[in-house]
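Every chain is named by a letter (A, B and C) in the order it is written, and numbering of its residues begins at 1.
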Amino acid sequence: MTNVDYKIIVGLEIHVQLATRTKMFCGCELIFAAEPNSRVCPVCLGLPGALPVMNKQAVEFAILTATALNCKIAEFTKWDRKSYYYPDLPKNYQISQYDLPIGSNGFIEIPLPDGKVKKIRIRRVHLEEDAGKNLHTAENYSQVDLNRAGTPLLEIVTEPDINGDEEVKLLAVELQRIVRFLGVSEADMQKGHMRFEPNVNLHIKKDSTEYKTPITEIKNLNSFKALEKSAAFEVQRQLDEFLESGRVMQSGNKKTFGWDDIREVTVLQREKEEAHDYRYFPDPDLVPVVVGEKWLNIIKAKLCELPLTMQNRFVIAYGLSDYDAGVLTTDRATAEYFDSAVKVDGDAKRICNLITQTGLKIANEKNCKVSELGISPQRLAELAKIVGAGQVSATAAVTIFEKMTQDDSLPSQIAEKLNLLQKSDEGELEKIVDEVIAINPQAVEDARSGDKKSKKAHGFLMGQVMQKTKGTANPQVVAKILNSKLNKGI
Amino acid sequence: MGQKKIDIEQVKQVAKLSRLALSEAEIAQFAVQLSAILEYVEKLNQLDTANVEPLAHCLPINNCLREDIVKQSLGTEKTLANAPDRDEQFFLVPKILEEPSGF
Amino acid sequence: MNKDILKLTCRELRDLITKGEVKSSDAVLAVFAQIEKRDAKIGAFLSTFKDNALKKAKEIDEKISKGKPVGALAGVPIAVKDNMCTTFGTTTCASKILENFRSPYNATVIEKLLAADAVIIGKTNLDEFAMGSSTENSGLKKTVNPWDPSRVPGGSSGGSAAAVAAKMCFAALGSDTGGSIRQPASFCGIAGLKPTYGRVSRYGLVAYGSSLDQIGPLAKNTADCALLLNVIAGHDEKDSTSVDEKTAPLCDWLEKVDKPVTGLKIAVVPELFKGADSEVVNTVKGAIEVYKKLGAEIIEIKMPHSEYAIAAYYLIATAEASSNLARYDGVHYGYRTQNSADYVEVYTKSRNEALGAEVKRRIMLGTYALSSGYYDAYYLKALKVRNLIRNDFTAAFERADCIIMPTSPTTAFKIGEKTANPLQMYLSDVYTIAVNLAGVPAISIPCGLDKNKLPIGLQIIAPAFEEKKLLQIARMFEKAT
């Protein structure tokens, strides 16, 4: 077998549906799963005489995102028509941006599993309108629904700096996190808010010569899983194809493959006779956008702390693990909720645990965010405090947490009412331990024996103490006392 | 006569881009007529425009933007009212067998 | 009685109706009697709305009799070119592809006419999608010149011009992309105004050349043009290319129109006379003499790039048109072919079967000019030349208040005279076309007749947003002659 080494090269094109209330060029409301063709007006229907008027919020979201992606914001930008004919594109042109995108030359940092951070360059960020939907469920005809036509889309194009299928997914996940943090998109994959098109090829070193395989563009990816799997599949397919045919990248031999989610393969799309001539030209119905410093500063003021920055801060300043910091910064509300609680009273680790081990579960059940459970950062901080002081056990904390979602009482009040306050006074507990030891000599002997029975006996003794205190003894303190007494051999 | 500015093959290509199923006669006629027009517009090359900015429109305005406020849509019935072929909720076209490049 | 009513101008009629001295219903009946009498031969109207018009007229008459306030065009019968969307009747653009199209919305100018209590009596014929200079390209009907039925009414607003000239309405709206209001006004012996680009909303005007199209009035005289401009001008938030009132302040143009301009400086371009018929030249020169007698100073200027205007226009307008007309595909509205084998043929056959030859020609030309490899040489080049042409106007207006020239090199030509060669038809737009490229306002008013008793048009061009001065200058001539 010849000596073959390869590097995976991937560039990613992402379309993000912006969370504006209305479409890009008209006031039709954006509602998920509305009745077909019910959110359509003369403008997005492309009726004769209709004219587009740009949505300011869409432009601002675009600038905000481009800024978060470290792009240069174009001082002067315009709108171009991209012509092609398709039933879900009623004007038979899409209003987009061609040569003057609103953002360019940026970068995004993605956290890698080994803890390192990788920088992926962003070539461009631009705004365009979405097309409607074609449905092909019937046998003899296709149906067209224009509800989605005119939805504002942000197109983000990276440089081919991604070097693996996992990395592609990580980039996609990070991008989702960023746009959600910024509030510019819900980025719900199920609702089709993010669409991905990776461009994949390989740089193969065979017998000390480098070859580049033809680039493949993959379409029809609707989940992170599909993104990762299709990239992996494509890498293997290209490797196999190269080893068999030796075909290399040439101008014009880029191909488009569709991902078949069921068979989990990429399928060559029907080859076009000619490349698309989109005949881009400036849209004469729209005037240019000039982004002056004043406006830019107003928009930049809306920038929040970005997720990766926040995540790193949690690790460094609060000593959290990468994993926990990652969980907390999955969404902005949770991250800010945690951050506020820590700022009230700094027990970061405990507050983190309360959120990650208890809060998220309850929030999930109630189908809301942790921050929406009705527990203020102050109350959360207090709960962490009394747990830390040993006043309540970890188990009791769960109960208290649940109760806090129901009313405004303070954690200490709830603990008292429900009799959850733990006894942690060593003197008091020592007396009880002594009592238990005194009336259970056999168990004590077993516990000291160190053989098979000792663990059970130990547990039994602990249980007895807990019983005598009606479960209110602090188990850590009890264990400490018990162990020291057992070891002393009294 | 001189070389035609646009030949039959090019006319066919442009007709395809324009989605016009021209007849052979139309193609031949357009080749002649369009050539004459293209010949005429050649005169623009008499002008040196190396340092001239293109004027896409004459308006002294930028930043025509609207607030993100919901306006009433037409509703499904009105939207489909002029459709050549429709069912209760959708526009209908003969079955599409492929997606175009785009998305 | 009816005949006398028909002689009134909009302003006169409006005043009499508002005072209650004439009933709008009578005006409407008079107009429809005239339509019945003459339109079978002239063919100006594609559709009329007699019942609705009488209903509206009655409402207005009642309002007036009750002393309620009414709008600036109260009770006046107005016609509208059939490329402006109306919720009543059809909006066909004189094309088979929209022959049965019923718009669910009104163009902004229609809303404004209705709010001004005008009575819209019908939609007029045009060159298909406003592409043409004679109305011969209409896909639905023929219109002839009321002055001579063997001749064209001009285009593309030929139906509107003929309707006004034949007194089948008191005024009409048209659209002007390369001269389509001014030239038919000239051929039909009436006034026609193309406002500054951005002055009047294009929302609901079926787009042809988006950076060139403007809606404007065709009427019996300048004062009526002013009255109509009052009603239709103004910023529209639905049209991004409509200018705000800070940049282009509104004015009561009617109130100001009768005031002459003192110290008037008129620019004349002697070179341009070369291409016109001698009678046209002499008559226009005579008109310039009239202005001289009124105290105007005449300045001779050059407009060095005017000879390139037609070439630039037919690349820019067709490029925009090829894109604007892409939507006519038989999918969501309009004509669909019965012969499609697949969805692609729905497009190609519907369009080919229902679009006329001139429309197809311009779509092809525009597509070519934008296509890969040709964009720089054609479209981009044309945009640069456009800049040079606009500079010619800017330079002219530094030295003069307005420019005067013929509207057209000829009077109304014979039907069929220029249809054999498309290029020949394009070349007849020589005096009007540069105005659209520069976006400035211009008006055509009648200034005489040729030996065949055909009207000759005088064109006056003013700087951007100076409609007040433009109308005043035109009015000066009307009052003096």
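Simple rule for what comes next: a contact is a pair of C-beta atoms (placed from the backbone, for glycine too) under 8 Å apart; a residue touches a chain by one contact, two chains touch by 3 or more.
What you see is a predicted model, and the numbers here were worked out from it, not measured in a lab.
Participant: What is the chain whose Cα centroid lies farthest from the Cα centroid of subunit B?
Facilitator: Farthest chain from subunit B, going by C-alpha centroids: A.
Participant: Between A-B and A-C, which chain pair shares more contacting C-beta pairs?
Facilitator: Looking at contacts between chains, A-B has the larger number.
Participant: Taking each chain's centre as the mean of its C-alpha atoms, which one lies nearest the mean of all protein C-alpha atoms here?
Facilitator: B
Participant: Just give me the whole-number Å value for how far the CA centre of subunit B lies from that of subunit C.
Facilitator: 24
Participant: Nearest whole angstrom, what separates the Cα centre of subunit A from the Cα centre of subunit B?
Facilitator: 41
Participant: State, to the nearest whole Å, the distance from the C-alpha centre of subunit A to the C-alpha centre of subunit C.
Facilitator: 57
Participant: Got the subunit C residues that touch at least 2 other chains?
Facilitator: 101, 104, 211, 237, 240-241, 326, 329, 331-333, 343, 347, 367, 371
Participant: Could you tell me which residues belong to subunit B and also touch two or more other chains?
Facilitator: 17, 19, 56-57, 59, 61, 64, 66, 74, 85, 91, 93-96
Participant: At least two other chains touched by the same residue of subunit A: list those residues.
Facilitator: 42, 45, 53-54, 85, 87, 92, 142, 144, 146, 277, 279, 284, 286-287
Participant: Would you mind writing out the residues of subunit A in touch with subunit B in their complex?
Facilitator: It comes out as residues 15, 20-22, 26-29, 35-42, 45, 53-59, 84-87, 92, 94, 131, 134-136, 138-146, 195, 197, 219, 256, 258, 269-270, 272, 276-277, 279, 282, 284, 286-290.
Participant: If you look only at subunit C, which of its residues touch subunit A in the complex?
Facilitator: So the residues of subunit C in touch with subunit A come to 83-85, 91, 93, 98, 101, 103-105, 107, 202-207, 209-211, 237-241, 319-320, 323, 326-327, 329, 331-333, 343, 347, 367, 370-372, 375, 379.
Participant: Which subunit B residues qualify as touching subunit C in the complex?
Facilitator: Those residues of subunit B that touch subunit C are 6, 10-11, 14-15, 17-23, 26, 30, 33-34, 36-38, 40-41, 43-47, 49, 52-61, 64, 66, 74, 78, 81-85, 91, 93-97.
Participant: Which part of subunit B faces subunit A closely enough to touch in the complex?
Facilitator: 17, 19, 56-57, 59, 61-76, 79-80, 85, 87, 89-96, 98-103
Participant: For a test of understanding, state which residues of subunit A touch subunit C in their complex under the given definition.
Facilitator: 42, 45-54, 81, 83, 85, 87, 90-93, 142, 144, 146, 277, 279, 281, 284-287
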